[in-house]
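Same chain, two partners: chain A is paired with chain B first, then with chain C.
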Partner chain A sequence: MLDFIQNFPLFCIIMTLFSGVLCSVLSARAARNCCLMVVSADGVLNAAVLVYTIRMGDSFTYMMGHFPAPWGNEIRVGVLEAMLAMVFSIVMLLSLLGGMKHIFEDVESTKVNLYFLMMNLLFVSMLCLIYTNDLFTGYVFVEINTIAACAIVMARKGNQTLVATMRYLCLSLLGSGMFLMGICILYDITGHLLMVSLHGAIEQLASSGQYAQPLEVVIVLFCVGLATKSALFPFHSWLPDAHGSSTSASSAILSGLVLKGYIILLIKIVYRVLGIDVFNSSKAINVLFFFGCCAMIVGSLHAMTEKDLKRMIAYSSVAQIGYIYMAIGLGSTTGMIAAVFQILAHAFTKPMLFDAAGGFMEVSGGSRKFSRLRGAGRRNGLAGIAFVVGALSMIGIPMFAGFITKYYLAAAAIQSGTKKLIIGLMVLAVSTLLNAMYYVPAIMVLFSRAGGNAQEGDKFTLICDKKNVSFVIAMAVFIAANLYLGCCSGTVIRLIQSGLNMLA
Partner chain B sequence: MLDTLLKHIATNYYEATAMIVYGIGFTTLLLNRNIIKKIIGFNFMDTAMYLFLASKGYITGRLAPIAITNPAKFEDYINPIPAGLVLTGIVVSVSFSAFLLALAVRLYRAYHTLNIDKIVKLARKEEKEKEGE
Partner chain C sequence: MSNSQSKFTRWLNGEYLCGMDNPDNYGYQPVRKDTEIARHHEKSFTERMRDWIDNREEGAFDRARSFISFIFALFIIFAMLLTVSYLPSFGDPDNPVNNEVSRRYIEKGLEETGGVNIVGGMILDYRAFDTLGESHVLFIAVSAVLILLRNDRKKKGKSLDDKIYEPHVDPILRKVAKLQIPCVLMFGIYIIMNGHISPGGGFSGGTVMGAALILYYNAFGSEAMNRFFTYRTFRRVTVCALGFYAFAKCYAFFTGANGLETHIPLGKPGAILSSGLILPLNIAVGLIVCCTMFGFYSLFIREEI
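Our next item is the complex of A and B:
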């Protein structure tokens, strides 16, 4: 007997897809309301699914279209998937609310409804990446995700975004090309596309030693392909342009969620397709660890030299993505917990920083340069507070979300072998220092007085635009979520742990 | 060593061709500075993948997977799944080509060149001028 709640993941996907189609014929305001309503409804439905999976204590698979497993398509939901989907809905809603005012300013007025169409598409593709139990469906939604992400980058008026989109798209296509090649080769050596059957076939191959080389190639293609799309160092060159130049809601969603969607797919592949043992014994894991470490350092070094606030935050994303890959590269359960927690922590922190940056630009004549942003944290106090909270979390101060990630990362490094222990702890320490070295000066600039003498603009105003209620709500919830993740991480960690157990 | 390698290539010449074309497409998309050639490279890459899939799904001496014998026996037909994957892939690559070409048109209108390096340079200059105002 199929419980009714088991239909909810499919409902979310279908509902979001159709509301996307609907947005193309609605007016801008109606499209906005439609998008916000659907995303909040998704949040509620996914919360119900989360409660259901926790109560059941197990994951469930949902058959689509009345074709049983080897022929039909499947959705698979456990605690981890439900939790990620719920968090993604919340972050999506808050990012949109926080950047709403700028969407209507930055996007051409006749195309605002199409912007929300793309948002719906983007969100549905992320839901599918989280829920799917079929590798090829995963690929299709990776591509939908890419095209929607490019569209929301170029939604902002001006030629800057066109250039950024072009660079983003080219590298992204290389990544998905490699990913597709990986799927093709895997299909050839196993004859399956469904994750469960693939897992069995790969276990057999690994134990018999057959096709060892093609399997290694497949693992590398998956890792490199998805790493390119999620902007791991050497492949990060597109990120600062794409995230820096787009409107604040787009930047928030791109670095908070879109990058994570691919990493979640990679984690699912690691657990559900390759099997954690096969992945840990492959050499690709060391490559991920190494480049993750490099990204943590290089991203921060780039961020230090930036004179542009949004580009600085974007480079900080490169470093934070490095944390996730380093955690995956450690190859232990604690490392994987750290990776998933970092996904959540970063999803709640980076959109807050980008939306706050939008708030600063609003009170500084639309400029993103630090020279013009002097004192912006006083003129828009709420954004200032949010930026401080976000920055402290990124640096890894206790009480904030980023600290817990670093704590678990260090714990995972200690559990691993000597080489990874020394490199991991050193890189962690250096990167924390580097984070502080660019976030603290940024805070100082934002809160310093604009001129030599006291001016009208120097007064601290908490809420600069009383009409922009959505911004206030978004910032308040983001700050609260960050503190919650930092102070009461126990529940979340337990959920992640049981979710990972269900994945394996 | 070389002997066995050549023998492998000769028996799997479809796959070998597919990989060579894939490599050409991949490097063109990555390294060529001309946007139109990048798009051509992207199409090369995807087409190579379809060749690879189609050749893997083909079984010598069998029919296309359209049921004509009654009762239909699966031994008569080739594997239909790669064909399905190729169709999906074609849809994806067509939409991406359209998106890329539209983007190329807009970039050419804005900067009057198709060289991505020149475009990036011009865009930087434009931004600096805007800041300077």
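Our next item is the complex of A and C:
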């Protein structure tokens, strides 16, 4: 007999799925309330599951139906999964709250309920990507994720978003296609889709040397497919348009969560399907390391030349995704811890930056150009403070979340071989410098006085009135979470460590 | 700004971000002057084409890029074909695919799911969670098209001039459609209802029914269509079907995982009322697919359901 708490992941999935469908017949406001309520309920349920798995000290699988695993579907929840699901619900809730005002302005009024429908289904797909224990289930929810992510980009009125969506859709579908092809080949050479059985079959193949070439191709297809979808360096061209032109809540969720969902799937594949040894001995790991390093540099260089605030933040995402792939490419446990921590740190930082950018645009006549944003940090003080916190975290100043990532990344680089040590540390140093080189002037612009003609907006005002209460809550919690991750990272690191142990 | 400031100070002040000279003048500026635009319109189409080709700054670069992409695509094709040659040959009984997983589906499928159609049993009973996701893919796709194309003319105050979207009145088509549509609909319903005892099921049957609706729309126009199928019907049917699907499967997953009895009889294999939840689920999937098919067509034709 199961403990009742083990049913919670199922309840989360069904509840979110159904509320998404229900949003299509609700009014805009009802859909908003429904979405917010469901996401917070998911957070609470997953917190309970997290406590349960920590107490139990082990992961559990949950049979979806009456048939055991290789025949039926199942999901699997351990400390890592529960923690990620909880963090995703919190970030989702906060990003929506922070950008709520702009959703109602940017999306056509008759389509707001459809926007929340997409949000709900996007969220359920990310939950399933986290929980899944079966590659094909993963693919099904990758599909939902792709369509929903494109839909929340194009939900904003205007032509710019349509072009951005088109590019995003093409590259994202290319990524899904490669992932699907990888699954097909893998199924052909092993006859399994369940992660546990696949792991056993692949170990056998690796030791006997049979089907070595297709296996290598599968690893490449998985890596390239998921890297395309999570905007690793050579495949990042869709990201600045899609994240820069959509409404602020969409940008926040796309960069904070959607990119990470695929990386989590990749980490699960590395640990639970390929096995860490097979993955480390394949050449794909060096390729990921190399492109991760490139992304860190190129993303920052692009960001430096941007004159558009949201596109600058979007290019910064390219660099930050590079950190994650570089950490995975180091191929050690410390590296993986750094990768997962970076996922959390970036999930709490980037949505804050995007929501703050929405706040700046609101007090600057809707413009995203730096020339119009001069002094916006004074006019909307809270967004200004949030932006400073986010920027410092991205640069990697101690006490903020980004520093811990860099610390563990450096530690992992030192543990690895000489070549990766030198490249890794150098790229890390250069990228930190580059981050500072575009975030510091941005802060300066946002906080300097708006030109010679004294405007009333020059006074520093924290916007904390009743109209902006959701924005205030979101920003406050984001700042607090960032400081928590930066100052008390020990607990989180321990949780990640035990989660990764359970995954292997 | 005075030039006495060092470059560093100017960088720190964010001048490079705002454009070098006058930060207040930055913004959208039309590239062409009015006279130039006027001249542009006087030119013939071929002239404009030639201008466009000449003015393309990166012409050579573009050509080189498309050539490199071509080579790269050839390389990928070659690599994938090479991979296929390493895969196990098709139809070999010793293939890894023929393992205990597929054996149980084939040997025990009928007994465990009650469905003669093993494929139906697999997608709606063994691996029902995947299919639950898959039916939501359809729903989310049509919702995304709704966001993209749905045109709220009523709200914008424009007249409902639908005439250009209306199909022609064609007596031959109408007569044929009148005869054909009942048969097509019946066939669709047959495929759905027999999904568990013969090849077919919700996805294929729903497509057939959707085709009947599209034919009806083309023959009789939107006014006749709106008598029984409006946006409201569409939303209600899909929500009810997906809701039923989600809750039926939630019940099955919950009882299955907790080791409880479902109390849903499997019935006698081969009878219409058999195989537990598969038949109602097939009906739900069929309704969703039917509505989605017609929804896509209708949205692309006249931006409305």
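Throughout what follows, the second predicted complex is superposed on the first by the 499 of 504 C-alpha atoms of A that agree within 3 Å, B and C clash if a C-alpha of one lies under 4 Å from a C-alpha of the other, contacts with A are read in each partner's own complex, and residues count from 1 in each chain.
Everything that follows uses one rule, which is that a residue touches a chain if its C-beta (ideal position, glycine included) is under 8 Å from a C-beta of that chain, and two chains touch if they have at least 3 such contacts.
Values in this document were obtained by computation on a predicted structure and should not be read as measured data.
Taking chain A as the reference chain, the count of touched residues is higher for C when chain B and chain C are set side by side.
Looking at the shared chain after the overlay, A:Met154 reaches both chain B and chain C. In the superposition on chain A, contact is made by A:Val163 with chain B only, not with chain C. Contact with both chain B and chain C is seen for A:Asp188 once the two complexes are overlaid on the shared chain.
When the two complexes are overlaid on their common chain A, residue A:Leu173 makes contact with chain B while staying clear of chain C. Looking at the shared chain after the overlay, A:Glu143 reaches both chain B and chain C. Once the two complexes are overlaid on the shared chain, A:Lys369 sits against chain B and chain C alike. In the superposition on chain A, the residues of chain A touched by chain B in one structure and by chain C in the other are 136, 140, 143, 147, 150, 154, 181, 187-188, 367, 369. For chain B in complex with chain A, the touching residues are 22, 25-26, 29-30, 35, 38, 42, 45-46, 49, 52-53, 56, 81-82, 85, 88-89, 92, 95-96, 99-100, 103-104, 106-107, 110-111, 116, 119-120, 123, 126-127, 131.
Those residues of chain A whose C-beta lies close enough to touch chain B in the complex are 136, 140, 143, 147, 150, 154, 159-160, 162-163, 165-167, 169-170, 173-174, 177, 180-181, 184, 187-188, 193, 367, 369.
By the touch criterion given at the top, residues 1-2, 6-7, 10, 14, 17-18, 20-22, 24-25, 62-67, 70-73, 108-111, 114-115, 117-118, 121, 128, 134, 136-137, 140-141, 143-144, 147-148, 150-151, 154-155, 181, 185, 187-192, 197, 201, 211, 213-214, 217, 307, 367, 369-372, 374, 440-442, 444-445, 448, 451 of chain A touch chain C in their complex. The part of chain C that touches chain A in the complex is made up of residues 11-14, 16-19, 23-24, 26-27, 79-80, 82-83, 86-88, 95-102, 104-105, 112, 125-130, 132-134, 136-137, 139-141, 143-144, 146-148, 150, 152, 155, 235-236, 238-239, 242-243, 246-247, 249-250, 252-259, 262.
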